[in-house]
Every structure is written in C-alpha cells, then in structure tokens.
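Presented below are the structures under discussion, each in the form of structure tokens.
Look for chain A in each of the two complexes below; its partner is chain B in the first and chain C in the second.
Then we have the complex of A and B:
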C-alpha cells in the first residue's frame, strides 16, 4: 500500500507537454522577471500609482543599494553558506567612513565616543577632504570582517550560520560602541552624491510653465544606479566567465568533489566571504549617503530579511551550487516591487513583513521544487 | 475650562477647528514607532482628528528604521500626497527627510522630535531644556531640604543623544543642578538610547555600583516602570512620605507618571502639551496646503510646564497624561 502511494503516477500523454512547459518555466533564468512583470501588470489597474514615473523612479532608487548587498549574499549562498553579518558590516563601515570623512564633529554629540579625538575632531574627520581614502578605509574594514568570517568557516569548518551570527552581534555592538550609538552627520557633498546624486533626470509631459516643478522631474540615471549596475556586471562576469566563478559553483555543488578535483576550496570560501563583506560595504556607502549620516544601527531590524529574501526569490539555491547575478537582479526587482506595492495598499508594517516572510517561504519551497525537478531530469 | 475641553473631547477635540475652511487633503503620517504612551496618544490625536475632519490619512510605521522611513516618505510623495506629518527616528534622519519632501514640493511638519537643523520644515517642538529644568529644580530643592550633611547624589537616565529632545532634557537637568554648586555630587549618567531594555541593563549596573542614589531624573516618563523594576528589589521604591524615598522626576507627562505622582512615588514631571503640539502640526500643514505653500518653514514651540507633587491639585488636568488617566487609559 505504502509502496503504491510513493510510486510516482505516470503522466498521461496530454499532461506531459504541460508539465514540461511548467518545468521549463520554473527552471528558466527569466522566471522571476516574468513573475515580476505579471505581478506589476495585474496590480496596475488596481494601483495606478504603481506605474507612475515618480513611483518607478522611487522603486529603482530603493533597488540599487539592496542589489549591491544581495550580490554579495548571492556568492555566499552559491557556496552553500549564508552571511548574516552583512547588516552589521553596513553599520560598522558606514559609521567608520562617516567619522573619517566628516567635515565637522559636534562635540555635544560625540565627545563621549571612543572615536572622539582619535578619528574625528570638532573640525572634522582625520580624512576630511580625502573621499577616496575614506572609501578605501571603509572597504578595508569590511574586508577584514569578511576575512575573519571566511577564515573561521573555511579553516575551522565552523558553520557559516554560527560564524556570521556571532559577527552580526559583535560587529554590530562594536559599531554602536564606537560612537556610543550616535549618528555622524556633516558628510561631504561628494559622498552624499553617491547615494542621492542624479546624472540624468527626466520630465514627462508638456512644458506649460517656465519652471517645471521639482516633483515632476524624475531621476533616471543616478550615481547609485551606476555603482550597482557596474558591480552587477563585474560580478556577473566573475561568476560566469572566470575560473574563480566555476570554482565557486563547484564548491557549492559538492565541496568534497571540488577538493578532489583540485579546487582550492578554503581559499574560495575565504574570498567569497570577503566579497560579501565588500558588497555590504558598498551598500553602506549608498545607504549612508542617501541618509546623509553614518549610522551604527544601519542594517539592523528586518534588513537581512530583505537581502536574503531578494536573493532566494531570485533563485539562488539555499543548498548551494546554483546562483546567478542575473537571478539576484530579478529577485531584488521583485522584492522591491512587492514592498512598494504593499506600501501603496496602505498595509501596516507588520502586515507587510508578514507578506514578505510568506513570499520568501514560497521562494524557498520553489527552490526545493526546482532542485527535485533538476534531479528528476538528470 | 481647558481641562474640561480636553477630557470631554479627548483626542478629537479640535476636529471641528480643522474641518472648517480647509479642503479635504491627503496627509501622509509617517511615524518611527509607537513605543511610548506619548507617541500612542499623539498618533491617536492626529489620525482621529484628521480623519474626522474629512481628510485622508496614509499611515506609515517605520518600525524604528530610518532608511525604511525615508523609503516610506518617498512612497508617499510618489502617491501624490498633499502634505506630510512625520515623527522621525532621530534628528539626523529628520533633516534628510524634510529636505527630500521640500525638494519634491510637498509641505512637511515634524511632530515633537525635531530635526538637527530647525530651519527647514514646520517643526513643532517642546522647550525641552526649560521643561526639564523646572522639573529637576523642584526635586533638587526637595533633596536639599532633606539632605544637608553630605553632597546629594543625582542620576540622570539620558535618551538617545542623536535626538535633540534628549540633548535638551540633559541640558535642562544640568542647568538646574548647576545653580546649587557643590551641594550635588557629579551626576551619574545612564544611557537608555530610548530603549527600555538598554536602560534596564545600564541602570542595574549603575545602582549596583552606586547604591546611595538620592535623586533620579529620567529623560522620558516611559522609563518609570524600568526604574521601579530596579529600585523595588532593593527596597528603594517607596513613596515620598516614607524613609528611603528616592526623589524622582521625569519628562513627557504621561498617564503612568500622573498615577505615580498621585501615589507618591514620583515627585515631578515635565509636561509636553501633546494636544497643543498635535493641533499645531495639523493646523500648520493644512494651512500650508490651503495656501499652496510647498516649503513652509516655521518653528512652533510648546512652552510646557512641570507638574509636581506641590501643584498637582491645581494643574493636574493641564497634563495630557492625567486627562488620559481620568478616562481610564491605564485600565484599557
């Protein structure tokens, strides 16, 4: 009886093409993009604001920094790991960078912070006016966290979940200690432009007034977009066109087999965690620039839900061995559209988070279904 | 007269005022969270009043995430709202959000938690330093009357110093004590970051290290239950007419503080006039919308006052928390 129930029922000849089409759709690189477009088109008649130029510009501006962070998570998940420390890295590097490059430091706010008189003074940070050096210092700090994470995972065989959870707590607490939880403002304009600056803006409509209201001018190309797209293209090439990329996929698919095949598994794991932290640092630049302040608590709360959610929805496998930058781009687009549409429906934050959680669960189930489909086809 | 007005109409007291003249508008009300009684009462006053006056209110709760709040405000702007009322996460993010709204020609009012830069937007703010000074001055004088043979040991629970309200309250505390020179020992500072759990951990440590604290000032009334949970096991949570009473003052004027003053555990609290502040924010934003003014800049100050065990009888119903208390708020 049991054997009969577990035995797969052979599909009828008529059902086979349908199943094949469904399987093809599920396994397609473009599946999430089609899903995103379908979701958008279904909601458009109900929520016309969704398609307005202002909302689309807003949607994209929310997508760029999330994409940057999710790209790093994609690499970690592709090797079968997870990086829970990305939010803490964002808090630490945004605070550190802001302290170094700030043009002024208010003593009434920062005088009790350990970094006061060390990294930041009343007339600004020690690297004030040297933006590139400040960015480099941020990247170094981020890379250091990734190096520690990667080393512990690769050389001590500790679970990535545990290592990065500890990093999340300790690095987050360290960031708060640095400024005693104060935010650091007075960032140079050149830094703020990285998060808020526009390169190309558009106005759609007739020119009836000599001065077009600012509200009707929409950003099209921003510095944040430029950074995110450049990074996405670079990481796409890294994963798809280089030996390093193939090794990342091999480690995720089967670590033991990769080792036997001569892949430097430990080095790959360390590099992937460093890459993840570097992506989080670039995300820190974009987030802190748009908020015009370094914040030790940036990246806290449900931020990690957004990053992991977008990556999983994109299709990167939770089991490792499968991951594409393009998938993450689509995942981020879907996730940002989802958040935006739920906001436009005037749902409460709690309902929005519940829906997001449900969608991520659905994406995880889809990942299981895809993995089974692939096994069945092998 | 004023107390009758408030208790009779509660949070919807000025609905009719706002309903006259102004056309129905869509207002985005973006708040950082509703953790304290003050924010809950402020939220209720604003949403109920605007809705009853025929306006549409789009609510956004950022759940204490400044980045999320910025994105929510951008969503509101994209939705084409006529105006924004915001309770920001902190003074720094408020500056950015006000700038964003004004860049998009949407009038914005900041309710109670002011931006670090007061020059932009409609800012409704309490005179925190003066209110705190009044409340602390009362307990300082009480302390000097009771303790004459040694320096008095004060303790202040400081808020998140990224919030100008917290800075003002701290300044008011020190201004009050400075007047009395060496009668007071150096105050012990306990950080709360506006978080009860953080305050609890830090206060436990401070009281363990310094058991002889004579006076406590909390920068917000919502921390009185936290103070109680630290003092009660040590036998220091006693009313003012009993031996071992620790003099206590706070700021906000919430229902819990009102009850504790009546019960004798708390001696004074600085009162922010919540209804005045809510009414001012709503009136100013609706006036700006009506006038087609997209970047109104105005600072509206709430002078506030201190409710003490001495003036409780006369001024009780001037405090919003006592009004709520009389309506059974704490029982609900």
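Then we have the complex of A and C:
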C-alpha cells in the first residue's frame, strides 16, 4: 500500500491532455456551435420561453437575413478588409427596389421626394409589379456600390475602413434623400412572400381542432431560409472549392506574396467587395419584404454591429487570411440567440447593445488567442 | 581567470525531446566567441536560456561565478546581457536619442518633471555615440537610417545599459558589405573595451574573421570547441554537419545548351538600372553579383513586372515580356524573392496551400478544384524538393526551418513549368546542409533545360554554382566572367568599379 502511495504523481502529463483538448476545441470549426448549444441549454431552465416553437421560429427568421449579409462580410474580412457600407447598401437598394416595383404611390407621402414623377407615380413604380426586373435593378445598384468600394481599395490602395466608411455616409444619405426619409409601401405580394412566405409549417396542438389558430402554426421552411441556405452553400463551395476562393485566402494571408505568385490581387479585391454588396442587397430584399416596405434607414444603427459581430464571433479573422462560411453560420446563430435571449429577459436595448459589445470584444480576444495557439503549436 | 558566463551540464527538454543536452562551456571575459551550428542545432534554445526566455531543465549557468537563473528577459538585461537580433527592437518613428533612453528619459527638474529634458537627452546620447566612435546624429529619426546604422544604434543602446555580454544573432543578413565592415569595426571596438561578445552566424568566413574562439553545436550537443586558429572553414562545416561535405556545390550535371531563354536589351529605369543587357541560355545558371543598391534586386523586380522599366526590351524565348507578374508567370517566369517571409510565403497557411498557390488555376477539375490533384501535386513537390515536413495539409509554413521554407518557395513554382527562374538570395538564412540541397535542386532545374538567373551577395556561392557571372554596379552591368575565368579579386574589384573585367 505504502509503495503505491509514494509513487510520484505525474502532474503535468495529466494536465497536458486537458490543455490539448481545450486547445483543440478552441481551434475546431464547430467550437461556436458547441458554445451556442451550451448557452441555449444553460438558459433553457431559467428562460423556458426560449425553447418554445414560436420563439425558435422567430429566432430562425431573424437569423436568415443576417446570415446573408454576414456571408459577404466574411469574404471581405478574409481578404483582410472590412465593409462598413453594407447597411447603407441595404437602405439604398431596399428603397430603390420598393420605389420601382410598388403598385401604388401615395402622393401625400412621396410628392416631395426627388424620385416622385421619375421612378414612382401615383399608380406605382416604373416597374410596378415586375418582381424580377425589380430584383435585377436592386442587384445592379448594390453591385455598383461594391464596384466603387473595391476599385478604390484595390487600385488606389486606400484602406477598406476609410473607403467603406465614406460609402456608409454618402450612400446612406443618398438613400434618405431619395424619398426624403419616407418609407415606400404598397409592395407586390410576390415580393413580400420572399420575406414572409412559408413553404413548410408545423402546427403543434390538439388534432381535433376544426380550425387551426394562426398563432399556433410555426413556419419551418420559408423562402428566406431557402435563399439564405442556398447562398451559404454556394459561397461555401466558392471559398473552399474554387481557385477564386483559394486566391481570396491567399490575398488575405499575404497580399505581396500572392501578387508575386500570379494571383490577380486587384481583381479579387474588387470582386470580393462586389460580392459583399450583393449579399447586402439580398439581405435588403429579405428585410424589406418582411417589413413590407422599402426603408432608407433599414440598415442603420447597430445593424453593422450585428453583422461584424456575428462574423467575428464565428471565427473569421480580423487580420485576414482565415475565414469560413461554416464559422459565420455558427456565428450568426450565436448572435441571434444572444439577442433573442436578452430580449426575452426584458432588457432595454441599451443593455442589450452593451452586452453585445462585450461579446464582440470577447470574440476579438478569442481570435487573438487562436492565432497564438496556432503559432504555439507550430 | 574566471569565466564571465559558464554552463555546467546545461540541458533543455521540450516535452521529453532534448533541444540542448549536457552542455558545459566557459565564456571568458573580453573575448569574441563564434557560435555556429545548423538550424535546429540548439543555438536558439541556448540563447533563450541565457536571455531568460526559457528555463533550463538540467544543469546550471554561472555569471561571474555566481549561479545565474534569469526568470525573464528583464533579469538578463539587469545582469548585463544584451541581444542584437536580425529583427531589431527599435522604434523607427523615434530619434536615435529617444531610442537610447526609451526606458528612462532624463526629466526636467521640479514642476516640469513630467517633461523630458531634451537637451540633456541629446547631450548624453551624443556622449554614448562618441564613446563608440559612431558618427550618428542623435536627433535623426530611425526610419531615415539604413539597416546598418540602425544596428549600430542597437549596439549603442546595449552599451548605454552597461551590458557586459553582447550577443549578435545573424546581424549581417540585411547589411551591405560596407555596413558589415562598420559593424565588424564596432565589434572590434567592443572587444577592445573589454566587452564579451557571442557572435552567431551562418556566414562562416565572418565568424572566422571576428572570433577568438569557436563553439560548434550539433543536435543540441557541444561537438567542437577551441581557439579560432584550430578551425578552418572546412573543419567548421565538418563539425557542424557531422560528416564530410565533399562538395557543398554540385558538379553540374549538364552543360548549358544553345537557345537563349531570356534576352535583355538596353533595359533602363531612371535612377535604378541603366542600359542593362544580358542573356540566359537554356540550362544555364547566370550569376548576378553586385553590392546592395547596385540594381541587381531591382532588375529582378522589373523583369517580373513588379516595377516599371522606361526603355529597353526583355524577351522570354523570343516573346517580349509584358504585363504584371500574373502575365509573366504564364509566359514562363518564376521569381524566388529575397524576402521569403514578406513576399514569398503565407506564413500561417499550410505547406500545401503555399506549394499549390501559383498553379492553383491549373488544378481545376470539372467541379471546382480537384482536391486529389492538389494533394498529389503537393506530395510530388515534397519529394522533388526533399522537404522535411510532417503534415502538408495542416502544418503551417511558419513551423518549418529556414531551409525548408526556402524549398517551399522554390518548389511552389515547379507546377507552372517555368522556363526562367529568377532567384534572389536563394540561400539567405539557410544552413549548410539545406543549402547544398538547394544548390542540387537548382542544378537539376538547369539540367532539365530551364534558365536560372541567380542573384547573390555571396560570391563563393555564385562561383561554385554558375556558368557565368555578371557584375552590376550603380545600375549597370559592368562586367561578365565565364566560369573558366572566375577570379574572386577581379569580380569584387569590378563590383566596386576599381577595374574593368572581361567584356562578354
């Protein structure tokens, strides 16, 4: 017995596997998903509303448009940039699109707007009711902003932060000027369906009910979900499985080395900013359809915080060279869950934003920790 | 006489793997010790133990006869040990004087105490610089100084802190020959002032010139030690790699063939290069020698399309070279830059991603990239360049030794099937063993019919490797020597334009 007791206890080797497991978890692609699930399960007993089907459906419906926009931000951050103008693009394209396809234009609201009598009349926009042409026009407008951003960054070597900050200010103001800050309503049903339409819904309740109350039907698969998932899969393949995607990562990892290795660095930067604006535009469709209105201020306020926060929490590095679509999917889920849970706790928006800010700070610290871990393990 | 620093059975294990083992050595005061060894021989670990970055797991160190166990870099500094690295720890936005006093500015008296006494700082800095016989203006900001001058500032800072032991780790890698000479004078000055120096370098001729004694590390062990007189360079190499390196340079397997790959005619860029003409043939290795600032690296950048040329003409296999790097790579150029960290590699990306970057667009399958072909390409390249690496897909390039990193920089070009390689300082910071492998690789590339334009500031290297050497000075090609007429003295003379060489 004594012999066994006096055996030296190997302290470090026991501690080492634990540390290694922790390090591996921290570096895993799935880390943020585990974090999200853990957060959910911990809060569930305290906050049972969190798990109700109605809340879950609400949570997902908030996640889809944010995901769409954050996907674009992921690409920009992967090349080591940042796109602050996405919110302004949402304001611009949602207003523009709504003006073009609205089926009626109330003069008492819009007669002072510069677009009155130019794009929109009393009997609707110039493309009234023509969904696809309207969407195309929105995408073109979005792409144009991205093209200007990308060109300034790539060819004039201006910092992305500065360029997109200027876009944020000017494009945002331009959108507000277009309608003199008025919202544009009277959107065609086909457009509204993109944000609100459901494809598969579930009803949870007694079977013998003759008429199902609307409140107990929960949307499961919506058009917004379909759009977001399709886009996420497509952009995942673009980043992981194409030469373009590898070159995006190369530009972010070392721009000079990429250029010398024959990567068309400038073209890639321009395309990435265009992609980011296009994602913002698709987000604009989903948001404005849900709102049933084009609104110039749709992407203002803390929206930018949500997009950048979700992307960074996912694990895409602020330093460039590291980014994954899957990370951003998880980051968005976590961020939406966080907002949702804070809402359910009846916190004020100020409190919510304070918590969100703290979480983004934590995510940025996590990015630094991961980078250190990777270098340490090398 | 007691040693300034003494190691007794010193050892360091990393997770059970010894990096330094059973090392016992005396470093006498007032001498210059040359410390040599291949990458991974344990030099860095030893320096980290002296500097208080890592603690030894075995044995102990004695400083002036007293046990010395620094817990941090600050402890080492307080004891009187200063490090001068290739990456300097200076503030380029501050002046020379501010850099010297950064950790304790002289203050104004009384109520003005929060303010720096700029005059006192300037005067005291001038005093320190004068003591070193350094002709540096204390008020100049560092970013207006050359790398060599900055290094002298670092030395001044060490002296200002009354360091007794100054450790130089590869200090000359970014210096011109003239700056190197000045550094060596400064080191002589340190010795004359009774300071002790440890000088670490891969450039064995420098070690031989500077040192009083030599210590050689291999696989963490001290395998050779003695006065410099006992060590000629072949013995240094032999001791470092543990075998006879019959020839560091390969005997060339195939002679150059006829057809010119690269023809440059009257290429000029004002203030950079002037009327440069040269030809590289298939299977030929052309060396380009010159001092720093002679236009050799600038010529490489112009050929690659990174900088513009004003006049003249460069052709690859008869077709004029046009556009940026992307177009020129397609035409058959490859460029191994002198800065592998900044321009050659994505340090945190995997070896595989680095190896496949230039040819990534060729590795497409019917549906996007072909993962199997990427893996196969990386694997084939690993074998071709004899890369020592464990996991191509996961290991970041940062984790490789300098020599293996350089093999990645060269290897990544092979799938683009270049006709002309431009290699700028291909063996900088690479140890002797890996160096001879890189030379072998260059010989094979030439034997397969590519042309090689090799830029180097080590003349030995060019003389051992090249078929011809062209010498550049102040932007012009001033002489070209055939292999049969290689003559070290005359080549260096033409680099300094003291005499004309044979015109080719």
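In the analysis below, the second predicted complex is superposed on the first by the 366 of 378 C-alpha atoms of A that agree within 3 Å, B and C clash if a C-alpha of one lies under 4 Å from a C-alpha of the other, contacts with A are read in each partner's own complex, and residues count from 1 in each chain.
Here, a residue touches a chain if its C-beta (ideal position, glycine included) is under 8 Å from a C-beta of that chain, and two chains touch if they have at least 3 such contacts.
Since the structure is predicted, the reported quantities are computational estimates derived from the model, not experimental observations.
Trainee: Identify whether chain B and chain C fit side by side or clash on chain A in the overlaid structures.
Mentor: fit
Trainee: Check whether A:348 is in contact with chain B, with chain C, with both or with neither, and answer first, second, both or neither.
Mentor: first
Trainee: Could you let me know whether more residues of chain A are touched by chain B or by chain C?
Mentor: Residues of chain A touched, chain B against chain C: more for B.
Trainee: Between chain B (first) and chain C (second), which, if any, makes contact with A:262: first, second, both or neither?
Mentor: A:262 sits against chain C, while chain B stays out of touch.
Trainee: Report for A:200: first if it touches chain B alone, second if chain C alone, otherwise both or neither.
Mentor: After superposition on chain A, A:200 lies in contact with neither partner.
Trainee: Is A:156 touching the first partner chain B, the second partner chain C, both, or neither of them?
Mentor: In the superposed model, A:156 contacts neither chain B nor chain C.
Trainee: With the two complexes superposed on chain A, say which partner A:321 touches: chain B (first), chain C (second), both, or neither.
Mentor: second
Trainee: Could you say whether A:237 touches chain B, chain C, both of them, or neither, answering first, second, both or neither?
Mentor: Second partner only.
Trainee: Report for A:340: first if it touches chain B alone, second if chain C alone, otherwise both or neither.
Mentor: first
Trainee: Mind working out whether A:250 is in touch with chain B, chain C, both or neither, as first, second, both or neither?
Mentor: second
Trainee: State the minimum pairwise Cα distance, in Å, between chain B and chain C in the overlaid complexes.
Mentor: 38 Å.
Trainee: Can you list the residues of chain A that touch chain B in one structure and chain C in the other?
Mentor: Looking at chain A, the two contact sets are disjoint.
Trainee: Show which residues of chain A lie in contact with chain C when the two form their complex.
Mentor: That would be residues 237, 241-243, 246-247, 249-250, 253-254, 256-264, 321-322, 371, 374-375, 378 of chain A.
Trainee: What residues of chain C sit close enough to touch chain A in their complex?
Mentor: 304, 306, 324-326, 329-330, 335, 337, 342-349, 353, 356-358, 360-361, 363-364, 367-369, 371, 395-396, 398-399, 412, 416
Trainee: Sort out for me which residues of chain B touch chain A in the complex.
Mentor: 58-68, 70-72, 74-75, 77-80, 90, 92-93, 95-96, 103-106, 116, 160-162, 167, 191, 193
Trainee: Could you list, by residue number, the parts of chain A that touch chain B in their complex?
Mentor: Of all residues in chain A, those touching chain B are 49, 52, 54-55, 57-58, 61-62, 108-109, 180-183, 185, 213-215, 287, 290-293, 295, 297-298, 300-303, 339-340, 343-344, 346, 348-350.
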